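Data block below; observations after.
As written, the chains take the letters A, B and C, and residue 1 is the first residue of each chain.
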Amino acid sequence: MIDLLSYGAFFLSVALSYAIICLGLNVQWGQTGLFNVGIAGFVAIGAYVSALLTTPETVDHLGGFGLPIMAGWLGAALATGFATFLIGALTIRLRADYLAIATFGAAVAIHLCILNLQSVTSGPFGIGFIPRPFANLADRPLAFSLANFALLAAVVLALYLALEHLARSPWGRVLRAIREDEPAALALGKSAVRFRLQAFALGGAIMGLAGATQAHFIGYIAPDNYQPILTFQVWAMLIVGGSGNNRGAILGAVVVWGIWALSGSAVASLFPAEQQARAASLQIVMIGLALCAILLWRPRGILGEARIMSRHVLRRSPPATPLPSTPSET
Amino acid sequence: MKPAADAPVVLSTHGLVSGYERDLPIIRGVDMKVTKGEFLLLLGPNGAGKSTLVKTIAGLVPVHAGTIVQEGVDLTSMPPHLRVRHGLAFVPQTENVFTTMTIHENLLVAAQILPKASRAGRIADLYAMFPDLLRLKTLRAGQLSGGQRQMLAVARALIVEPSVLILDEPSAGLAPRIVREVFDNLKAVNATGVTTILVEQNVKAALAIADRAIVLVEGQVRLEGDAHSLGDDAVMAELYLGARHPSAEARP
Amino acid sequence: MTPQVLMDGLIAGAMIGLGAIGITLTYSILRFSNFAHGEFLSWGAYLALAIASGLGYLAGGPASPIGPFSFGWTLPVATLLGIALTAGLALLVDALLFGPLRNRGSAVIILVMASFGAALTLRSLLEFIFTSKPVYFTNALQIARPLGGGLRATPDQLLMLGLAVVLVLAIHLLLTRTAIGRSMRAVSENRQLAGVAGIDVRMVIRTVWIFGAGLACVAGVMSGLLVQIRPQMGLDLLLPLFAAAILGGIGSVPGAMIAGLIVGVAEAMTVQLIGAEWRAAVAFVILVAILLLRPRGLFGRPE
């Protein structure tokens, strides 16, 4: 019973750490319509920055500056926000899918840097001994799990409230106007670019924070944690939950992580040991198919969106078809 | 060309309902008949759905209900290119030429649906009809003036020898002198027997060349009649001309 | 740095160029960046491999190598069949996924996202069927022959280089000189007007998939012949492909090939001067540079 409770808390904590990434992605995609395919890279920046700032001094990698966990988290958010800002500034003025390509490239480059800059990141070996919150409870598994869960839940709740507040603020309303209404965006001109860039960087900062919380929750990070599959999972979470909807982002994270964990244990029990690596790819096939199916049949996700995303996603065929927006007629 | 009283119907719509979104029809039940050789004018205030109606007929707007029939063939769910093959030519209001291609390439693209042997001849016919285009044939369409573009767009539409030619506000943005030229061209084309449907804002000038007019309001036919008498119609004046010309110059 | 680096770069670049042509065609005509294009390379390579081994089995043993090359008659035949099957795969994905989204008028970015989903599905399927262990078309080791001027290349490499040049010329002529090429350019500029001008837009879209996927299959076989075949190969090539398509200018077939060669040479030089572990970053650096300096690419039209 206690084991089950403890596992439940552990499971939910992991799911909530994904929920944080999802909330960050929702600021970028759901609120602003910016497509980020480099989530794994940005999460990695957060994780590594926080790890370098908070681990005890070592010769294996840069630092260990031994700072408090909170300082690590703050640094992670700032550093990742800055990195996303740079990528955004490079492409945000160009066609929408250049941002996608650039973020995809950034994730590849970030992964490569983590792998190759051994003196900074200790390369493929990863970084261990990342201080975990409530380490003093470590010998009481249930209390430890519950405390960590409570911390993550508090972070998610705080972010949720802040983002909801932000969406209703003048800033959020401008963002929505920019996304919904091309002419309004054009009328805003340069400042529209600035607003979108701010949203992109804010979303990135949240992803960085998520990376940091994950790193401290697990206590160990390595380059292979940050493969494209992570990006993909987070997208599936947001799409399942319903983009543009913060509650949907959180729910989607829990649901998809649940499906992932369940299918993982199904694979483990159904396939012989030597076939498991192979069978695990079926899990990914399944998530891929699910994402496509949702795009086809339920583009608004489980919860749908709070009326925000609909027109943007469903209408407006861009290929030189000025149909719905032809000003003269209809 | 004024059609004979018993001229056959070439194009008709029956209870046509269409629009870009399922729950938001713009054309709301239009019945219309166009007879062979007729020059029909489509009028109506801004937002009446004139453009949407002709785009629906051309196959660019989804039909929710009703049918479109041309010469006994149901076009309702036909893709646009098959309607062209069936003899329905459409000139959109904007972006009606391929700007990155030369004039000649624009005509070549349109001629592709003709049998190989007759392509060159048909293009030569069009050059004979629009000598300006021949002079400029190697120029990119993006470099043409508004009037020249309109001419190319009409020539492109005529390549396939359509039985019905539909134009969506060809005079938009053109200087009055050029508008007259375009209208003269259209009248000449109509005189060769091509049934013509014209959407226009330039009511007075257009009524002068048309045989019949239909007035569309909020996606439905409000008024229809002989072009010459319609110019004097009181409802018409109030509905449409009056709104555009406060001096009500169209009234007697 | 030696001229040999240039040679190696050109050979790898030819393969990147062929793949980038598919990206540039889908981008300019279907208007979205297809993240699943890399998977067409991988699928092409695996399909050709499967067919070649099947043919070899039927013929009662591996075919003996043709002339100076490392492979027998089964590989060219398998490649031709592979091209057809890869094209079929692309048409299938379009019919199931992109087509319905397109008909609904979905935003570009939804199509991009769908391609991302398709990419993962296709790649993981390969991994499931063939496992992630690398495989090879042939176990024969080829000796690079001196070409003069200190250059060396294997007969396979020279064949690939020649094949790429021929294919690019053929596609370029097809696009600029033929009716289907004109139709493709027309659809690329204005899909609606193309329909109104009598062009069968759906046929043009199918043609684009067939060309793009067919070239991807060739590029995949080349990559398999020159390096190895792995389910991840398409993913690893995706960034170089995008970089080449953007550098060349979206819609430009010769541009994609020239840019592919540039990316290939840049990668070879990086491996030589800095180290092989940084090869994968080259495409990103080129991408950033081109987006900063000339987003429309070398031969692209201004937006």
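Side notes on the structure shown:
By definition in this document, a residue touches a chain if its C-beta (ideal position, glycine included) is under 8 Å from a C-beta of that chain, and two chains touch if they have at least 3 such contacts.
As the structure is a prediction and not an experimental result, all values here were calculated from the model.
Centrality by C-alpha centroid: the chain sitting nearest the overall protein C-alpha mean is C. Counting C-beta pairs in contact across B-C and across A-C shows that the higher total falls to A-C. Centroids of chain A and chain B (each the mean of its C-alpha atoms) stand 52 Å apart. Each chain gets a centre from the mean of its Cα atoms; for chain B and chain C, those two points are 44 Å apart.
Distance between chain centres (mean CA atoms), chain A to chain C: 31 Å.
Looking at chain C, one finds that residues 189-190, 192 touch two or more other chains.
Looking at chain A, one finds that residues 315, 320, 323 touch two or more other chains.
Touching two or more other chains at once are residues 60, 95 of chain B.
Those residues of chain C whose C-beta lies close enough to touch chain B in the complex are 179, 182-183, 185-186, 189-190, 192-202, 301. Interface of chain B with chain C (complex): residues 58-60, 79-81, 84-85, 90, 92, 95-101, 105, 108-110, 112-113, 156, 160. Residues 30-33, 35, 97, 100-102, 104-110, 112-114, 116-125, 127-128, 131-132, 189-192, 235, 238-239, 242-243, 246, 277-278, 280-281, 283-285, 287-288, 291-292, 295, 303 of chain C are the ones that touch chain A when the two sit in their complex. Residues of chain A touching chain C in their complex: 33, 35, 37, 90-91, 94-98, 100-102, 104-106, 108-109, 112-113, 115-116, 228-229, 232, 235, 239, 277-279, 281-285, 287-289, 291-292, 295-296, 299, 312-321, 323.
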